[in-house]
């Protein structure tokens, strides 16, 4: 499915998902702030910053180990919140990034966060550090930094791979309180085993809506829920059709099966024509 | 891309001068830009660059012969490998200098001011420099002595690669201590986490030996431990992760949409 | 009885003398590759020393590692990206339009300017725009095949517990296969239910279903944990083999 | 009675909060002993290993096997054993084969390994095997060899000669002449082959055990002809080799000893941790 014309049905379906999200964003911007359920991992963020403030030790933030993409931008959104809270209490921060483009934008974001809290004098350019763009060199350096500075709280949010457990266990060994979340489902179990609070799956994307209560993000979150509901509906519908027709593979494919693969649109048109 | 070429070899320097001149004019203008116009400018740029990929996906295609294979393309498809990907990669590579500069600055200051641990910083600077010198020297096409290759070989294969492998293998230690601490039957959740981890682990290792005498046909095969572990992986783990991934995918879609349309409040646009 | 960092450092420096002698012996006996193995063993031990505690030896090794990685990054950035995709097209094939990347790169360096640092956002929003734009195609090609694969029939085509022909080409669904499909669907939908944020889980049924989803998710996570252990330990075993057999020659090598 | 529990208590509490460094030391010892004095753990090959072995073993003389070796030193523990076992089988059965890689650092690693095994069997480069080298553009490479192998690869990576001049390529034109492509990989590079290789050509996957669960659905749907599941897959393959006299034991069996010991330690430590927790909890309740 490299192009929309490979299967227009899928393109329209995606359009519908986008529309659902957009409608809710607009609704929310007009002032109907929706309900969001409690997400324990996100509540822990302020607690962790508070702990670091009490101990007078720095907090560490890592926005994943990939470059500038949707995931790391979302992580930076959360870190803006963290930095502003830390700035209020004058808690020192450390941010380690492993991509130069991400480093550039992180500098900007952190500086802005201090500015927004009215404490630009607290901003230290060396608090945001580019360490290495190589996975394990970065991990080695972060592990050293955690131990040397005895960080009190850590936030690992973004895309993580094998090195996730190195960060989490080393931070655990210095007694840091840890909040971690990753979109890489295969790394989530390691965070669950080693961290105090874990943000699972798309709770990660819910974070900015949850923390800032900002209308666009909140509306979008509700829209995502509706989109998810639509997906669930189709999965259930497909399974019902399979069950009714007793389909277990074979050449007599139900239409709904074809709809979601290349050539689905042609199959749909064909069967509509067949109907009349 | 033939029309991109210019005839005379020397005029490339002229072009470079021209580009730099335009750059300084543009940047000069940008510094005068009113603060209120910054965000619209940034949103516009995001929209345009995002629009490229969106159009490439949504516009209809026709079949084109490429490497002896018929592939569907529209007029934008060809630009991805030829222009957009190199552009993004070149830009990231040029920006690597920024990160390097910040790293070097911190450690250079450490050495100059003789802060504690300045010896380490010095070691860092020296190793960066030597990796660069020998890396470029041994890759250079011109004739170079054999020992240059050897030194690079020691730096890269002897030290760097082995450190990579050593760091990677540290994870095993951490798995042991994490599972010792976390896999306590404290809560129901912790118990099921532990049980399924143990079953899968056993199925992959000597668990197969324990139930080796159980026949691997018919209903008997249900009592083999590797059947259990692959059952958990296929019937529980895979749909569970898939459901999480659906949410993550939708979250990414929504976030991408918000960034593309410039309605995202947050990191990128500076508010 | 805490050994200070200074003591460790001094001991390490003194140890450098026998170590260099050892390296020379390795070189004499095994040649170039022998020296690599010697260096490899040394740095592996230096990295492992962090397991005891953060110490000067690890710190030194870490900085060398970081330095080598930075240098390697520069070499790669030039030789695998810039020289082939930027320098050569401009200066060898005279495609001078590639020069227009330069202004964008220069803008990024404004991040160090106090007053005009916002200019550095321009190249970054362009890169972010690309990332955002690919999401439409990426979402479709990643998730729609999975939606299709999630349709499961719950009606067996053959009413036996066991499938006589387990190949997919046989198109047979036994009773146990149907049960498996049902569990598959329950897991998928209940985990999805758990991740609804904006609907308050009001009724007991929905709350219970979401809770089941959370439990099933934990089983899934446990399975991932279990299946990852083997890879990680295999790496450690290989490293230990390297240290004990290839470096210290304590046993017979296999190849 | 009371006395003994009083003595037990500090031990139990200590066990619960055992210093991680002691665990690490035990782990090192537990792995070191079977590494120095190898032990043999009994094994039962998985069906998916068997399928891969059978497919490769059935290679007719007019076909070659393509090994795509996308791994480096980082995952040597699993991938080297797998590749070595496959190479043993190929060479002892006198099957022609080619290697290529999607990882720029992988080509030297692969060459070194093949050369060391080839010495044992007297395999000659260019006559019995060939290296297609590093393939930076995976999609085009896979699509290309589906149609015309010679035109896509053009020259071999070692001698830099045109492919059609090498005796090993006699009668080999496109993907139809490939019995099976085996992707020996540290990542999920099997998707190149699953998605873009000409349908009908078999694909095998020798992967680290992290990647295996993700690949199993493709095995059940017959898109993959077989999977070698990490270090266990390497051991399985060696066992099949030994059973059918197509090769000898190697690192697969060697590593399974220390691996099993380490797994045992993990399981034991979880058990001890829980036991200590239960007993001390019981005590406090009393």
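So that you can tell them apart, the chains are marked A, B, C and D in the order they are listed, and the count of residues begins at 1 in each.
Here is the rule we go by: a contact is a pair of C-beta atoms (placed from the backbone, for glycine too) under 8 Å apart; a residue touches a chain by one contact, two chains touch by 3 or more.
Keep in mind it's a predicted model, so treat the numbers as computed, not measured.
The most distant chain from subunit A, with centres taken as the mean of CA atoms, is D. With centres computed from CA atoms alone, C is the chain lying nearest the middle of all the protein shown.
For the pairs A-C and B-C, the larger set of C-beta contacts lies at B-C. Distance between chain centres (mean CA atoms), subunit A to subunit B: 16 Å.
Centroids built from CA atoms put subunit C at 9 Å from subunit B.
Our note on geometry: subunit B versus subunit D, Cα centroid distance of 24 Å, whole angstroms. In subunit C, 47, 50-51, 59, 62, 65-66, 68-70, 72-73, 108, 111, 118, 121, 123-124, 127-128, 131-132, 135-137, 139-140, 150, 168-169, 185, 188-189, 192, 195, 217, 221-225, 227-230, 232-233, 235-236, 238-239 are the positions where the chain touches two or more neighbouring chains simultaneously. Taken residue by residue, subunit B touches two or more other chains at 56-58, 91-92, 95-98, 100, 103, 161-165, 167-168, 170-173, 175, 177, 179, 181, 183, 193-194, 197-198, 201, 204-205, 233, 237-238, 241, 244-247, 252-253, 256-257, 259, 268, 270, whereas all remaining positions touch fewer. Of all residues in subunit A, those touching 2 or more other chains are 2-3, 11, 14, 70, 73, 101, 104-105, 108, 131-134, 137, 140, 162, 185-186, 188-190, 192-193, 200-202, 206, 221, 224, 228, 231, listed in ascending order. Of all residues in subunit A, those touching subunit B in their complex are 2-6, 11, 14, 17-18, 21-22, 25, 67, 70-71, 73-74, 76-77, 80, 97, 99-101, 103-105, 108-109, 112, 126, 129-134, 136-137, 139-140, 162-163, 165-166, 168-170, 172, 183, 185-186, 188-190, 192-194, 200-202, 204-206, 208, 212, 214, 216-217, 220-221, 223-224, 227-228, 231.
Against subunit D, in their complex, subunit B makes its touches with residues 66-69, 161-162, 164-165, 168, 172-173, 175-177, 179-181, 183-186, 194, 198, 201-202, 204-206, 208-209, 212, 216, 226, 230, 233-234, 237-238.
By the touch criterion given at the top, residues 18, 20, 23-24, 27, 41-44, 46-47, 72-74, 76, 140, 143-144, 146-148, 151-152, 209, 213, 216-217, 220, 229-230, 232, 259-260, 262-267, 269-270, 273-274, 277-278 of subunit D touch subunit B in their complex.
Put simply, subunit C touches subunit D in their complex at residues 51-52, 80, 149, 167-169, 223-224, 227-231, 233-241, 244-245, 250-251, 254-255.
Taken in their complex, subunit B has these residues touching subunit A: 56-61, 72, 74, 91-92, 95-100, 102-103, 106, 163-164, 167-168, 170-171, 174-175, 177-179, 181-183, 193, 197, 241, 244-248, 250-259, 263-268, 270.
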